[in-house]
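Across the two complexes that follow, chain A remains constant while its partner is chain B and subsequently chain C.
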Partner chain A sequence: MIENTKSLDRTANVILAVGVLYILFPLVITLVTATQSFESFLQNGFSFIPGTYLLENIQIVWETTQLPRQLLNSIIVATMVALIKCGIAFTTAFAIVYFRIRYGGILFGMVLVTNLMPLDLRFITTYQVAANIMMPVNALLDFFGITYIVQTLTGYRMNFQVSVLNTYFGLAAPLLANGTGTFLFRQYFRTLPADLSKAARMDGAGPMRFLWDILIPLSRANFAALFVLMFLGGWTSYLWPLVAASTPEMQTAVVGLARLSPGDPGQIPHYPAIMTGALMVSVIPLAMIALMQRHIVRGLTLTEK
Partner chain B sequence: MQPASIAAEIALDAVEKSFGNTPVIPPLSATLGAGEFTVVLGPSGCGKSTLLNMIAGLEPVSAGRIRIDGQEVQDWEPKDRGCAMVFQNYALYPHMTVAENIGYALKVAGIARAERQQRVEGAARVVQLGDLLDRRPGQLSGGQRQRVAIARAIVREPRVLLFDEPLSNLDAKLRHGMRMELSHLHRRIGATSVFVTHDQVEAMTLADKVLILNEGRIEQFGTPHEIYHFPASLFVAGFIGAPAMNLIEVEGDGTALRLPDGTALAGSAHRGRAVLGIRPEKLRIAEDGLPATIVYREDLGSHAVLVVRLGSGQEINVSTPLGGDTVAADQLSLHLPEAHVHLFDPASGQRLNVTQGQVR
Partner chain C sequence: MADTNSQFNSRWLPIALALPQLLLIFLFFYVPIYMAFFWSLSLERPFGGGAEFVGLQNYARVLNDAEFWKATWRTVVFMLIGSSLAVILPLILAVAADRRVRLAYPARNVLVWPKAVAGASIGVVFLFIFNPFIGILAPLNEVYPGLWQPGLDGTDAFIMLIIAHVWGGIPFNFVILLAGLQAVPQSFHHSAAMDGASAWRRVRDIQIPMVLPQLFLVFVLEFTESVTAAFGLIDAMTQGGPGGATTLLVYKIYVDGFKGYDLSGAATQSVILMVFVLSLAAVQFFILERKIRYER
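And then the complex of A and B:
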């Protein structure tokens, strides 16, 4: 800071403190409520005095709801999203930066455009395709008259049906489709000295060898950052998993959490259990951020010291 | 490391390069002798790096042939050409130690660990890096990094060593030291070397032969001595030497070369317009010569450089040994020794006087 007076420092600290309180308040409510018994909650409502019932509440959630199974679903889906995304993003960026592709710029532009078309916008189409991923193939066969020809020749009407609804792949695939990761890797590759790939070629390393021996080790921080971002994205997404999984066994934890509050409006919800569920759902992403914090920052700043 | 007896001749035969529709190098032919140290010198953007990359195989030729040791290599992969390269900004692998950097090519080539280590240590010793083998590039100074890059190039015992402005990221003092080391290294290793630079001091001091490139064309290809004393064109004359050669437009009448106002500068049988070149240190201060007014003087300690104005208004540089009796005066008169006068065609820029008698 340019000015370094005490009063300014103090003001800054107060503003920061207010901000921190504002952010922490709901978390504290969640945490405290999760430690209370249903009875004391019914008597006192929300309070700031922690109780001693956390373990019991965890037991209730663990034994009477689908949340454990749904946590597993979330882990599987979020990991799939993160891993596949890292793989696709890295390889596409590699192709765009290190090969002279005709129309490479246009291709990269199209990759970026995916960011302007979020899943929420193409929700219904996505659902239709997920309900039958052969739909585009059927449409193409129709369009070129192949369906008609085959039908007149053999009497068989081609209409393929493959649904990925209610599968892990169906849950993960639409969440993968955006260009953020490709952009991240592309920008990072462009900060690397251009002579690096030339030096590797002079040393006799082909493209795959260069990718494996040099690019991947140098991109570790970017992998970590993208993995965490995509994992969190997969973990917290709500709308798509809500419609793509129709049975509780296939739903993700965030969807399951919302289902913990009873449908019957007259009933008082078991808030301590719900808050415990919320804690359980948050623990994994929190732990991930805590562990990877350093890498995330390094992976997103794009410049190596 | 033993001196390599494997140095190879590089023959460029009508090599051409264009990027898309932009021609960068028109057909270019030259032969770089086996074991010679050739410096490619030219202004920025003239295609030096492009030429080097084509020899290395990093950039395909648009047309023409490249022969190394008699074999046509223009369609070969870089690793098969037996070339190694040192880059301007080192291009070391940041995540590998110095030893791993030097040994990477050997590792890719599948050479056993024991031999690899031995050769890495050998190469490191040549460039005096012995005790830094476990460091990472980030922990080294610029000079040390460039040594690693050189060790990485020589560890494969290449037939051809290519350098792309390897010293331009170093400070002046270090550059001088590295220049000497490179010169010694070349004598020890003996590989054919091609060294790209836009620093004429590097070119004059390191080269067996200098290839001067201008917009992709060879202006002159000769020894540093030839380049300096017999510049083949106006471009070379103006490019080599500091302060630059004086270039004066003159008219020859068959007996003398005259300024537009008729003042005779030097005797010559040339007729017609020409550009007269004379190096600042070759101008003599004489009793009855060309009158000139001193405009500015720079005392550089070892010598002085005077900027003087001729009667025609043109300003030229004169180098004089310090302490000459002219230093205090405002006026002096100059003599242009005929043996040191260069004549160029004003239209084509080509040299006109081809007499070989005017050495030194």
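And then the complex of A and C:
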């Protein structure tokens, strides 16, 4: 450039340094506190010098809390959310873009509308549905008089009860009831040349063959981006896992962490252990972010949250 | 895809392909929303004790409840302050990171990290950092006793909440705004600089106008998000206290529904919040969208 940019660059560097500090500060505090022993923590309080008690603290958390089990729950739920979302979002977008169907627009609209109303706004009634997912079936049977007919004929009153609360499916399914990935794949398919599927059809390939041999390999980067985003979304979600799991054994790690308070209310809590818990809860998604930076940035710009 | 030759013909296959997604959306989106509206018009007993149609009674009860209006007001305040900071800070950072300076690359990496940390997790950490007795502001309390008391002072608790909220909001907004800034052609900068426009002037007259679409998008999403995103933070940090000072509407709905078993009241407030979020998005869309028409 033609101008002297030195002072501008310095300002930019200072701004970025402040931003990075803001992000890193709580993370560093977590890490340092997790390495302190409870005794030295009580004596010195807040410290920036790492201690040597990390393993002992991990042991405390591992043996006296439900966090290990809850971490497993988080891994299962987040993986389920990510995998299932990749699958169903891909097939839905495929149906919308690559088939000659009249209701394609309505279908897409129905899926897209879901993004206006996040789960955290409708959790009260979602909970009731999860408590009995057969409720709509019962209502339909009632509405069409089938319940009445069956009852008069056989004396049996149909009222199906299937609760998915306290199950992995119940924890994951409502997190999947949105249009996030469908939109991403639809946009991507529309950037692909139309000749692609035309050529496939000319060569006699059926839709599933086209999907399997051409579309899936082409979409690899999108799958990676969506997988990472959905995994992180599943891992960090809070309100739904909080209400959908009523026992500590089924709660996810983030929910468990917020309830991790060793010690009496009047006493100073065992902060080194709590920070160790915070570290354990965040280490898997943080590693994921650090390693898959590109996919996340790509995913964020593509899905618009 | 206008060219129909490129599309397949099948009656059942597309339905089968879309069915899993549709079933999930039907069951966990459309049914709950329908139920929320239905419940807001009836008196629902906990544990499935049956319902009774009561018209707009629930709405009258909720709208006459002073606690509801307080929670709504707090939600609006949180939304305005929290979202503004969560957009403006990333904007400043993105403008800085758009210059090719030494810190730009590591910053782009680090600023995305909060995406991996759940609100409740960072809430637990910030609660510790801001602990009035052992936290970072404890020395302040020794000089001026009682200056920082997030456990007793509602404003302090609110500040704490907003700092944690902005922390978590940086990644998405930063990434989107930076992507927008990087799409601005370098030639714009060069020609403006040649015309003698200062760096600040270029930010104001070129960069900001050019990222208005991204800025608009980020604001809309941030506003809607902030209505519910604070839940994890509140539950982990303040449980709505002290004295209800951090009870935003979403937290009140949770407490009413799951602690007080007032399902009709919770459903009614959910419906009000849904309508609020929808109209918010609509207003922003119609007002803001109209003002940012330009050609690139």
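To be clear about the criterion, the second predicted complex is superposed on the first by the 287 of 305 C-alpha atoms of A that agree within 3 Å, B and C clash if a C-alpha of one lies under 4 Å from a C-alpha of the other, contacts with A are read in each partner's own complex, and residues count from 1 in each chain.
The criterion applied here is as follows: a residue touches a chain if its C-beta (ideal position, glycine included) is under 8 Å from a C-beta of that chain, and two chains touch if they have at least 3 such contacts.
Keep in mind that this is a model prediction, so the values were computed, not measured.
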**Message:** By the touch definition at the top of the document, which applies to A:K198: first (chain B), second (chain C), both, or neither?
**Reply:** both
**Message:** Output check: A:P118 vs chain B and chain C. Expected answer is one of first, second, both, neither. What do you get?
**Reply:** second
**Message:** Touch test for A:L218: chain B only (first), chain C only (second), both, or neither?
**Reply:** first
**Asked** Where does A:G45 make contact in the superposed view: on chain B (first), on chain C (second), on both, or on neither?
**Response** second
**Request:** Mind working out whether A:V97 is in touch with chain B, chain C, both or neither, as first, second, both or neither?
**Result:** second
**Message:** Per the contact definition in the header, classify A:L107: touching chain B only (first), chain C only (second), both, or neither.
**Reply:** second
**Message:** Looking at A:G155 after the superposition, I want to know if it touches chain B, chain C, both of them or none. Which is it: first, second, both, neither?
**Reply:** neither
**Complete:** Comparing chain B and chain C in the superposed model, the one touching more of chain A is C
**Message:** With both complexes superposed on chain A, which partner does A:T236 reach: first (chain B), second (chain C), both or neither?
**Reply:** second
**Prompt:** In the superposed view, which residues of chain A touch chain B and also chain C?
**Reply:** 195-196, 198, 201, 304-305
**List of chain C residues in touch with chain A within their complex** = 1, 3-10, 13-15, 17-18, 20-22, 24-29, 31-33, 35-36, 39, 89, 92-93, 95-97, 99, 101-104, 106-107, 109-126, 128-129, 133-136, 138, 167, 170-172, 175-176, 179, 189-190, 193-194, 199, 217, 221, 224-225, 227-229, 231-232, 235-236, 250, 253-254, 257-258, 263, 266-267, 270, 273-274, 277-278, 281
**Prompt:** Residues of chain A touching chain C in their complex?
**Reply:** 1-3, 5, 8-9, 11-13, 15-17, 19-20, 22-27, 29-30, 33, 45-46, 87-89, 91-92, 94-101, 107, 110-111, 114, 116-130, 133, 135-136, 173-174, 176-179, 182, 190, 194-198, 201, 206-208, 210, 232, 235-239, 242-243, 254-255, 257-258, 260, 268, 271, 274-275, 277-278, 281-282, 285-286, 288-290, 293, 296-297, 300-301, 304-305
**Request:** Over in the complex, which chain B residues touch chain A? Could you list them?
**Result:** 53, 56-58, 77-79, 83-85, 87-89, 91-95, 104-105, 108-109, 138, 152
**Footprint of chain B on chain A - complex, ascending** = 193, 195-196, 198-205, 209, 213-214, 217-218, 304-305
